[in-house]
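Right, one structure below, let's go through it.
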Amino acid sequence: AELRFRYATYLGDTSLILAQRLGEWVGHAPALEEDLALANIALDLLGQARYLLSYAGEIEGKGRSEDDLAFLRDPSDFSNLALVEQPNVDFGHTIVRQFLLDAWQLELFEKLQASSEPRFAELAAKALKETRYHYRFSAGWVVRLGDGTEESHNRVQAGLDALWRFTSEMFAPGAADEEAAAAGLGPDPASLRAAWLANVEQVLQTATLKRPADVPFRWFGKRHQHTDHLSHLLAEMQFMQRTYPGAQW
Amino acid sequence: AELRFRYATYLGDTSLILAQRLGEWVGHAPALEEDLALANIALDLLGQARYLLSYAGEIEGKGRSEDDLAFLRDPSDFSNLALVEQPNVDFGHTIVRQFLLDAWQLELFEKLQASSEPRFAELAAKALKETRYHYRFSAGWVVRLGDGTEESHNRVQAGLDALWRFTSEMFAPGAADEEAAAAGLGPDPASLRAAWLANVEQVLQTATLKRPADVPFRWFGKRHQHTDHLSHLLAEMQFMQRTYPGAQW
Amino acid sequence: VTLEQRFQSKVDADERIEPKDWMPDAYRQTLIRQISQHAHSEIVGMLPEGNWITRAPSLRRKAVLIAKVQDEGGHGMYLYSAAETLGISRDELIEQLLAGTAKYSSIFNYPTPTWADVGAIGWLVDGAAIMNQIPICRCSYGPYARAMVRICKEESFHQRQGFEIMMTLARGTAEQKRMAQDALNRWWWPSLMMFGPNDATSKHTAQSMRWKIKRFTNDELRQKFIDITVPQAEYLGLKVPDPDLRWDEQTQHYIHGPIDWKEFEDVLKGNGPCNRERLETRRRAHDEGRWVREAALAYAEKQRARDTQAA
Amino acid sequence: VTLEQRFQSKVDADERIEPKDWMPDAYRQTLIRQISQHAHSEIVGMLPEGNWITRAPSLRRKAVLIAKVQDEGGHGMYLYSAAETLGISRDELIEQLLAGTAKYSSIFNYPTPTWADVGAIGWLVDGAAIMNQIPICRCSYGPYARAMVRICKEESFHQRQGFEIMMTLARGTAEQKRMAQDALNRWWWPSLMMFGPNDATSKHTAQSMRWKIKRFTNDELRQKFIDITVPQAEYLGLKVPDPDLRWDEQTQHYIHGPIDWKEFEDVLKGNGPCNRERLETRRRAHDEGRWVREAALAYAEKQRARDTQAA
């Protein structure tokens, strides 16, 4: 049960924190169509997070709700991928972050459908459909920006260079996902890499973008080693619940 | 007593919120010298705020400390001038905000030395010395930026255009300061305007800047009518105290 | 019969005017002005509530709020499309907004300092908007009327959500109740002003009614809004901030105190609490998005060139 | 006697070398490298703690923290000045920092996720820095030695403040204690790495000791730090995250477990948790401040021209 809790919060936190970042865009995107699309993705991710955190609360059996888990944990309790807590910076960074994550969720949810735990399998089936849509959007923009103007090419390449180091975490062992794989709850993280990389490389090539070199990067959000951005994000997200403990909204 | 509480929080909140804004600059200013100078001003303002909020807590007699007042009040309880909660934007906006406020504090503290309440008089004498130093810095930069390059001129003029509407609040009646004047606690806000304006106009002229037209603007922070910026600023500032109620730091 | 007469008799017969039909230039201009103002209001209206997306107090409320703000963006899109049928492009309209030459509803120049404002906007602002908009579902101009049918359906959903937020607060802790009352205090009068000036001083009403763009006067709609909303406030246990407000047995209407039209004028002229900020925010989003829009165009052109070469 | 011999005998006699004195070029270059690295460390070091200025949990702590970060900026200024006496300008040095060609202390590439990190940095990082710096107060190069005297005084004040923050947390609520332990867990090993590689692998040590720029080896200083700090951790009731740590009666020293030099190398090469961010932040501040610095120059030139005309 404790493993299922950790695995559910790992996946749930990752969707939640990215939804929070995308929520910052609403009303501020480059055009109305992108505004609506980013809001849509945020809503899907938020839905995944609510499903997973509710389930985590159930398993834990201490009466914690999705809101308790989202709003009353400290940064060091969160186990989201560090990638998703990175700031929006500009539309280029945002799209790269989304693309790298979408491509990973594609592989993850595909395989998670075979989870020995029906609740994970059920989530995966639904989320996979959503992710295909997100991926179409983000990969499409990676290509358009990469093969658009010189400025857009440079900006999206800068986003890629800045964020690439956070991708090793997706496939590295050492957290709930590794144990989950051993228990048949989910795929082995390392097993997702080949398909992910082939997919990403193909899109980057179409986009005329250069894949950054892999670097040794050992600070993993899923092991609760977060960048400075998470505590700021949570301070904003959690403010109401922290300020008015116990209130119903 | 209630009036002294409101007057002390009005002045204290104004110093506190501006100190918080200046604190955002530390480590990020255009050059090392400006970094240190902004930190210095922040420290002086924070000192004023601590003196005034501690005093307000004493008067109130409910055992609230400076920290209780700073960290456990809602935005609508704050009565700082709306000017000081405006975001930093760039160094030009920051300097204009500082200059407009410094020029006002010069007049305010000068007259507040004659307060019938020795605690206000004492604060004013100390703060006046500090303000003279702040004013030298901010007025000096207004002139340098205004009469510097075309870009700096445009930026500081933009700051002035954006912030001028918040200056009417300094001299308008309708809050603790008006009653404080009637009670001999502090100067009549309207009485500060002539000297403030003469001073400001002279500096703007030297800086080759254009004084914006006065507009009717009736939303006053000192009447608890704040812009959207205050609640964001407080969410960040208050996060720790809200999250760990009752802890000592 | 002149074209103008034929047009007017169609309108009189409650037939719809469609984009390809002849219409008087003033009718076209009035519609462009009104539809684009309405579209701009949806877009600018995303900001005051959007301000709370990152801070919504529960995941459910966060999801509902994102969806609502997204709906407003969608309404903006339908309305820009409706305006485009009159021969003006969305880009031109947005330029007017950003240049400050087009108007949007003044209500969105008020700030949202607390979570209760999200509730109050849904309850009061969307409530007032619906009151204004339902008659437009029968507007003489087809594309506008059809867009409005869809919009009204969603708006009334939003209005109920807003009321439900207020109810949760009003039934909540002392702090929540205080928050709700404070929001009502701040939004009540601006909501009444949303219906526009008194009939006596309103300049567009007569012609617009003849054209069936408008079907009720400002004061009629305002009265209707008050009559519906005051009992809702009572149900919530909140106090409407109008000391002169009273029920009039004779007319079976609420009588309200004087509206501060000076405030209305100030905000309309750009001196409201957030006018500068709202436009600034829209301009920044537009400027910072320029390179993205340019990239999309450049890419599309490259694709076209490639297709041509391939063909 | 050659110049070089005269120089070395001065150094050997513990006399100070001053800017106008002859010095070997390698000595000059070593000093420029070391002083500027130190200056850059102060400047970059403002960021991890500065991260908590806006969120400090009491007004007193906020004031103390602002003053501390300001002191670090001040240290940067003295050190840049000391480096300038060796014939290089502050602007050149800052260019090297921003271009990524100059180094700064790797410790500042670690994040500060909680308030306890402010305490841990003061206690451990400033503590280790003092250990490194006190011998430099007797460094052979006069301007560096004098700057260091002033800096060390302030640093030991900071170190005590940091320890006091840790003590308040360690004596506080369960959450505060957890925060303090977590910070110690994260800062312990990086602090040990601050003394640099093992003596066996350190390449600069021998020459620097001959020149009296350095007076103790890395391992000596590291040992001193551990011996002082472990009892402090015990006093706080916190556990040093080293399962191999033990007191050795014979040597009267603590023996520590193996240091992960691979991590040290990774962070040094730019792959620490915040290397990119720290440089990015400094670059952004530099770029966004360019117009301000240009304005100051332009204004100063105009003033000069006016003065000339007036004269």
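Letters A, B, C and D mark the chains in the order given here, with residues in each chain numbered from 1 onward.
Keep this in mind: a contact is a pair of C-beta atoms (placed from the backbone, for glycine too) under 8 Å apart; a residue touches a chain by one contact, two chains touch by 3 or more.
These figures come from a predicted structure and were not determined experimentally.
S.K.: Enumerate, in label order, the chains that touch chain B and chain D alike.
M.R.: Under the touch definition, chain B and chain D have A as mutual neighbours.
S.K.: More C-beta pairs touching across which pair, A-D or A-C?
M.R.: Counting C-beta pairs in contact for A-D and A-C gives the edge to A-C.
S.K.: Which one of the chains is farthest from chain A, going by Cα centres?
M.R.: Most distant chain from chain A: B.
S.K.: Using mean C-alpha positions as chain centres, tell me how far chain C is from chain D in Å, no decimals.
M.R.: Spacing between the chain centres: roughly 57 Å.
S.K.: Please report how many Å separate the Cα centroid of chain A from that of chain C, as a whole number.
M.R.: Centre-to-centre distance between chain A and chain C: 35 Å.
S.K.: Report the inter-centroid distance (CA atoms only) between chain A and chain B in whole Å.
M.R.: The mean C-alpha positions of chain A and chain B differ by 41 Å.
S.K.: Residue numbers in chain A touching 2 or more other chains?
M.R.: 235-236, 239
S.K.: Would you please write down the residue numbers of chain C that are in contact with two or more other chains?
M.R.: 55, 175
S.K.: Does the chain-touch network form a line, ring, star, complete graph or other?
M.R.: If you draw each chain as a dot and join those that touch, the picture is no line, ring, star or complete graph.
S.K.: Taking the top-of-page definition of touch, could you list the pairs of chains it picks out?
M.R.: Every touching chain pair, ordered by label, is A-B, A-C, A-D, B-C, B-D.
S.K.: In their shared complex, at which residues does chain A touch chain B?
M.R.: Touch residues, chain A against chain B: 232, 235-236, 238-239, 242-243, 245.
S.K.: Along chain C, where are the residues that touch chain B in the complex?
M.R.: 48, 51, 55, 111-114, 175, 182, 263, 266, 270-274, 276-277, 280
S.K.: For chain B, which residues count as touching chain D in their complex?
M.R.: Those in contact with chain D are residues 16, 20, 23-24, 26-36, 39-40, 42-43, 46-47, 49-50, 53, 66-67, 70-71, 90-92, 143-145, 147-149, 151-152, 155, 236-237, 239-241, 244, 246-249.
S.K.: Which of the residues in chain C come into contact with chain A in the complex?
M.R.: Within the complex, chain C touches chain A at residues 43, 46-47, 50, 53-63, 66-67, 69-70, 73-74, 76-77, 80, 115, 165, 168, 172-173, 175-176, 281, 284-285, 288-296, 298-299, 302.
S.K.: State the interface residues of chain B toward chain C in the complex, per the touch definition above.
M.R.: Residue list for chain B touching chain C: 74-76, 162, 165, 215-219, 225-228, 230-231, 235.
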